[in-house]
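All chains are identified by letter, namely A, B, C and D, in their written order; residue positions are counted from 1 within each chain.
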Amino acid sequence: MEDRTQYEQASPVVQKRIQDSFDLQGLMSHLGARITHVGPGRVHIVLPARPEVTQQHGYVHAGATSAVADSAGGYAALTLFDEDSEVLTVEYKINLLAPAAGDHLEAVGTVLKPGRTLTVCQLEVYGVRVDGTRKLVANGQQTLIRISRPAAE
Amino acid sequence: MEDRTQYEQASPVVQKRIQDSFDLQGLMSHLGARITHVGPGRVHIVLPARPEVTQQHGYVHAGATSAVADSAGGYAALTLFDEDSEVLTVEYKINLLAPAAGDHLEAVGTVLKPGRTLTVCQLEVYGVRVDGTRKLVANGQQTLIRISRPAAE
Amino acid sequence: MEDRTQYEQASPVVQKRIQDSFDLQGLMSHLGARITHVGPGRVHIVLPARPEVTQQHGYVHAGATSAVADSAGGYAALTLFDEDSEVLTVEYKINLLAPAAGDHLEAVGTVLKPGRTLTVCQLEVYGVRVDGTRKLVANGQQTLIRISRPAAE
Amino acid sequence: MEDRTQYEQASPVVQKRIQDSFDLQGLMSHLGARITHVGPGRVHIVLPARPEVTQQHGYVHAGATSAVADSAGGYAALTLFDEDSEVLTVEYKINLLAPAAGDHLEAVGTVLKPGRTLTVCQLEVYGVRVDGTRKLVANGQQTLIRISRPAAE
């Protein structure tokens, strides 16, 4: 496992805000994904390789790979904004570089260019084996828009 | 529901080949997706809106939207090749145009440019209500590569 | 030549506004490009194939192909806004489908989804021969942002 | 000016092959672009900011920015192949992050994932001032295909 202590942590308040939003994403829990790192402008999400997330050859499906990459980028952006902001994905592009093999995938979203309206993130997904071997399996670029959260319902 | 009779059907052999491959995709059945049309160079996949596929606001997650769009495009390409071919997604780009609301999503993959090595597909995803109202919620473009299927194992 | 009478024309005021902005783009005149159609949400730009726009094999360079596609999409969006608005390209993705051969290229930008802040366009580029034969050589998707024009300087 | 001595140089043979191909690109010389670095899997191209490459606000046009980014990526890939290979751009996606201001642009193409058939590159474009200030103005991702060069004509 990569040494996570090298990455700066976000404040507890921000970490909680990200985790709370993540917990509301039915898809993430249905896929079995979990957040493993929340830093300023950087979020990691792990997706265990299970039969429920595969394509026809037994590798992780590009759609599942993309789903965790998209969420990682979105939450990386959200770490930079205040609690009255939300972010929505405008678009993303992802290259599937290698079969998504490994015991789990690790998606890394990193803010490349923050902005008041639009934020651009880099998306990387690694296939990770139990022995710690890591391989880049997907790489992408994502555009997000910040919106004001609707007043409490 | 849109009138499906307007679309040309693929041959029964091709339809079975596509369905058999789809049935091997653990992710598609885990998400609750099913194929609803297989035509030459065109495949439709329906994804019912359930809590298991949502993001934090209750709309279908961009990752689930992308997953069915990616599969629809891949199978649209596969309809054009013989049984010894498989296709892999090289990359895709998708714009999320509107909140993915509706009772189900319908992803439509259409071959824009077939090729011996590379094929390019258009991806569209509609949010569909029980009353039949349809709205384009995502639009994308996908590049696929044809590979020869490994000899029987 | 395709029959242009089939396309709705924008109002003379909008046509003039688009042409005036186009005339300020040093790159477009340097490349030899010109606007050939301005309709509501749709703009065509023609680029004659000359040695000044080629890549190493004598076809039109992907960069020149992209440049006219990007401008066509941007102006297609601009036709939908009032005179106090400008649009900037946020991002685009383009597939080069075939060698950009022909006597000229015709780039067609079409608004797919207009929006108060963001607009998404489809980009198509055709290689056209003197005999009228047309072939799709590039296809793309573009995101634009509307901004308010700064007050007169 | 950034310290170029930090980057590994390609062999003189490779450097000449890249330069010779670049010199055949009518567009690059028409835009005033030149290669400033050829390393293994990495190529830099500089584009001076001149009225001939601008959009309507006087910044470098997204099309010109993209053109040099696309060429930088293509040549970065080409450095990795033998003399009988050529590369063609399959597709690319680029985000315009900031107005392309500066005295010149520097496009940096870097191979992210080489492959026998497909290669993926990262594209970065910086706006550089005479005083050496650099700002990332565009970031993209590109897919290329290797083809065998036709036998001598």
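Here, a residue touches a chain if its C-beta (ideal position, glycine included) is under 8 Å from a C-beta of that chain, and two chains touch if they have at least 3 such contacts.
Here is each chain with its UniProt name: A, B, C, D = PaaI family thioesterase.
Since this is a predicted model, take the numbers as computed values, not measurements.
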item: Winner on C-beta contact pairs when A-D is weighed against A-C; value: A-D
item: Reference subunit B; chain at largest CA-centroid distance; value: D
item: Distance between the centres, which are taken as Cα means, of subunit B and subunit A, whole angstrom; value: 23
item: Between subunit A and subunit D, centroid-to-centroid distance (C-alpha), Å; value: 30
item: Chain centre separation (subunit A, subunit C; CA means) in Å; value: 35
item: For subunit D, residues contacting two or more additional chains; value: 90-91, 93, 95, 120, 141, 143
item: Residue numbers on subunit B that touch subunit D, as the complex places them; value: 90-91, 93, 117-118, 120, 141, 143, 145
item: Parts of subunit A lying in touch with subunit B, wherever the complex brings them together; value: 21-22, 24-28, 30-31, 50-57, 61-64, 66-68, 70-71, 88-96
item: Subunit D-touching residues of subunit A, taken from the complex the two chains share; value: 93, 95, 97-98, 112-113, 120, 122, 136, 139-141, 143
